[in-house]
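Structures for review follow.
Each of the next two complexes has chain A plus one other chain: chain B in the first, chain C in the second.
== the complex of A and B ==
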């Protein structure tokens, strides 16, 4: 099969960013440290998210047409660049396994009580492998089809709870009762790394956009939209469940949607919510997976399509062995991952990249002007 | 535009070893050249057709010039042949001898002034024309022969199409004769830019195939791709456009039809005007339209003849029916097997009490009934008309009542199966429901093994498959994915005709604007038009 030129449109980028950021964040619930002010934390986090996104895109725009890994090679030379790429590949694959694990745990704890995790992780991974057999374009177009449903279901959940009369605005008060401290605690480091800092993968994807012109604007609006949806989700969760229950719930959005009861007919919609969260998860795992694959492509110099199945099965395997149980998984996610993985990979290395890029590109400009 | 042609690169550009027309004749041993000697020519003709009972030749004489009329008696109308060819030739026999009779042009002008004709300069051409229902007139000492188009044998008269029926709108349908079909399209589009190009397909059957399009509107890249794919058709015989469809579609291993077909001239004309390309085959009343996208299969021509509110409503009903056909049986399996809690309690109790006496698990129950229904459907299409009564009585009784009363299946299940079956008939294009019918079975099995999760997983795979499909380079799910705002006016809803001013943008036609902007039709204002009538 011939290697196709992969291009996605701006609209698809917008959709991918939204699905990516609300993917698991809507499910797991973010900003628990801020108690009833979680939604404020999300709003501020969104602003940081936009800044982070713009910074990543700024790095990319300095050397047009290159993705993150090609930037490494460009800045640090072949060997150091490839080494950094390998680190990122491991990081991306690890995070995609983590996200997949979130979803597997959700399904196992809600519907398939006796089903082994493997069944879910393997079937999900097969779908993602199938997507990337066709390429990035197909991921973009698939999300175009499902996007309306994902957003509609999140919005409908809120409306459904409201109509069912379970919405208690008093749960949100007092606003900033304990000052800004809890909000800051929620922001750093968890909120800005998950979900907003994870936008580092878009440094791989944004290199494959058809029209280069409005990427920054569209990405910023994308992050903003997902921030609004996440804020909406946070408000629903706090207002419906109250701070204590939300804090204890593994999947707060799910617990909140259990409260919906309309017309004596629409009940237990949480099941349906699970399935519409599924698509967000597929996009998120898919994008991390794609980032890793692209890195491998650069290291091995082989088209990534030949590696989808082996790498996909690896991730399906790691999803299962990554931790012994759900508690361990969450604990790792809160303590280990943000400090040792997210911060260096999302902020450390990209910040390190900045002076090198500026230096290299200036040298290039000088050359051009002298010749 | 230039990037557009790169979309075609996926298709393998292999020469499939097609045998050319010339090689076939060489194999049959016909000399190519037309000989000056009449006897020699006749001899090679006789050699070729010697065992055929419908080959006829009549010796003639024009003045003192020897000649011969030969034809295949079954391919032309004999009474026409008599009045237009043989009668004038009898007169020719009586003609005095003059030099001018030696000229074949003169002969034609003098005796057959009103018959359409062609000259054949090689035997190959003559044989080909004879097979197409021409009468050949060969004269001694001439290096070419005259082929007269007599007019074919009887053909079916134009009738109302038996598929794709509508309530309001033109009732004529295509027939098997390709020229009649082209006439029907020309009747709708009176425009010199409407072009029909001719091809011959099928190595042994030599069937006439024509592609029709509007010059100046059609996208040339797509057009040349169509030409290329048709010229690559490598088959012994092409008997229906169904055969052509399999040869030219982008992807064979898919449940979804990638080529639209219709029996209705108005539908085909409408599509040609949009900038698409029609493929007509002699002998088939079904005309193909390329490129076609997913949403085309949810549109009926009647949509444009009914009020647009109704059309928009019906379109949404159609998409819903597609989903119902696809998912209803599997949802039944998933909910009764895994997700009882999704149902309101009274309904659940009702359902379970009905299933009480049923000895099978839901999945066996539903597979049984679905298969029975498929058998019934096939029998209904295939059986002779005379026994139709039997089938409907037996079918209704066996499936409707006896199965339930015997305790084999539950009542609700019959409702589910029947509803999904009826929904499958809603699709305006029959072969589209095939996709839903087939995927339904896989969905049932997925639902039985993984519940709702399995259903959704398969639906996502289905969508991935759909978005990866292309029809002549156009992504199959356009204008939904990739999303095209300008094309939304005629997809899920239909705007009034005067508001739909653009051709589909995904086709990248040469004339994207259909009509100039004009104010919507409205009643004359009170102070201008209204008053005059009162005076």
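== the complex of A and C ==
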């Protein structure tokens, strides 16, 4: 198979990490279990997120130039490696369908009220298929173009609410009123796995970075920046809506942005939220999709670009059938996915990989030094 | 190979999603699988089935094209 060289820059990696982490986390809101202390949970979660990202990159650095799937083959041999790769392909495709469903629900309930979910799912997937038909670099470059708008809109949303006089800092108090227990409950396993543990996909992407030198630093700063933006978002949501309304809202940031009313002129800015969430979702679905495609490339030994449309059609299909309604979708995301999918795939297998990598690399080094 | 992978991924993802539903609703896997894949009257599921069919045909077409190319290469040698 002819391998097409794909390279993205460190700056593009930084942007992709931020957009990926913000993606659906900004949309559905995180840390609800911690109530008014959700922002504290996000700050602590960010620190864990940095540690998780550095652990993944540490694994990659042991065998330079290989991605997650090639590490499996390196450690466990061809057949077990390919079997584990297939499991990850299923996991990545399932999560991309979940993330796309989040966005479809947002669109159907806000701006495309009479449009069938199926149409949105197919259209979005066609966009992502088109991006990956042209390669990872296209996603990197697109992110570079839209990134300033994403950050500016997030910051401006907070300022807009502040100037509209809807910002109630008393909603955030009492700080740690119930102690640390709710914060820990929000952290484990929900927030650690979503969005921070999902960075496991970057074990596929990081193998295609042009400059290897500062990957760890850039990735850590990327997670930190996304953590800051998510904390900012959490503060906006709690201070504007209060704990109870935030807990009940399907899309808290969207509900908060609806409170903006400046000079009786700037109103209904929730469309701006839809815009930046849409971009975050494209990046997130795209990165999971790319991870799955690279896994298939390893299994079938065929270029992944020839599989973008078929696999895209599968994801569009499962986006719709994944659950009957939004409530069931969220229930699955809270009850089943973190425990039975996220924890094994984000922590179980990577932790299992560590002793094998250390053993194999030591063996390789000994062989090289003796010869 | 591509068409085979398409079918494998389709089956495995269907089983996973049906299993999750069976776990949540404490029901039977096969019932959930049936519900998952059935087209209800008046629903728009036909759209995604059509798109799925396009994906399948594309992967079958690619596989056939590749096979023909391989045979052509063998014939020219």
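Note that the second predicted complex is superposed on the first by the 367 of 371 C-alpha atoms of A that agree within 3 Å, B and C clash if a C-alpha of one lies under 4 Å from a C-alpha of the other, contacts with A are read in each partner's own complex, and residues count from 1 in each chain.
Just so it is clear, contacts are C-beta pairs under 8 Å (C-beta built on N, C-alpha and C of every residue); 3 or more make two chains touch, one makes a residue touch a chain.
Only a predicted model underlies this, so the values are computations on that prediction, with no experimental measurement involved.
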First, second, both or neither for A:327, with chain B first and chain C second: neither
Partner chain(s) touched by A:312 [first = chain B, second = chain C, both, neither]: second
Chain B versus chain C as contact partner of A:299, first or second or both or neither: second
Which superposed partner A:118 touches (first chain B, second chain C, both, neither): second
Which of chain B and chain C A:351 touches, first, second, both or neither: neither
Partner chain in contact with A:279 - chain B first, chain C second, else both or neither: first
First, second, both or neither for A:335, with chain B first and chain C second: second
Partner chain(s) touched by A:127 [first = chain B, second = chain C, both, neither]: first
Chain A positions touched by chain B in one structure and by chain C in the second: 119
Residue ranges of chain B in contact with chain A within the complex: 6, 9-10, 338-339, 341-342, 344, 450-453, 456-457, 460-461, 463-464, 466-468, 475, 477, 480-483
Contact set on chain C toward chain A in their complex: 1-2, 5-6, 8-10, 12-13, 16-17, 20-21, 23-24, 36-37, 44-45, 47-49, 51-52, 54-56, 58-59, 62, 66
Chain A to chain B touching residues, read off their complex: 1-2, 4-5, 9, 11-12, 107, 111-112, 119-120, 123-124, 127, 130-131, 134, 138, 140-142, 144-146, 264-265, 267-268, 271-272, 275, 278-279, 282
Touching residues (chain side chain A, partner chain C) in the complex: 86, 89-90, 93-94, 97, 116-119, 121-122, 296, 299-300, 302, 306-307, 309-314, 316-318, 320-323, 328, 331-332, 335-337
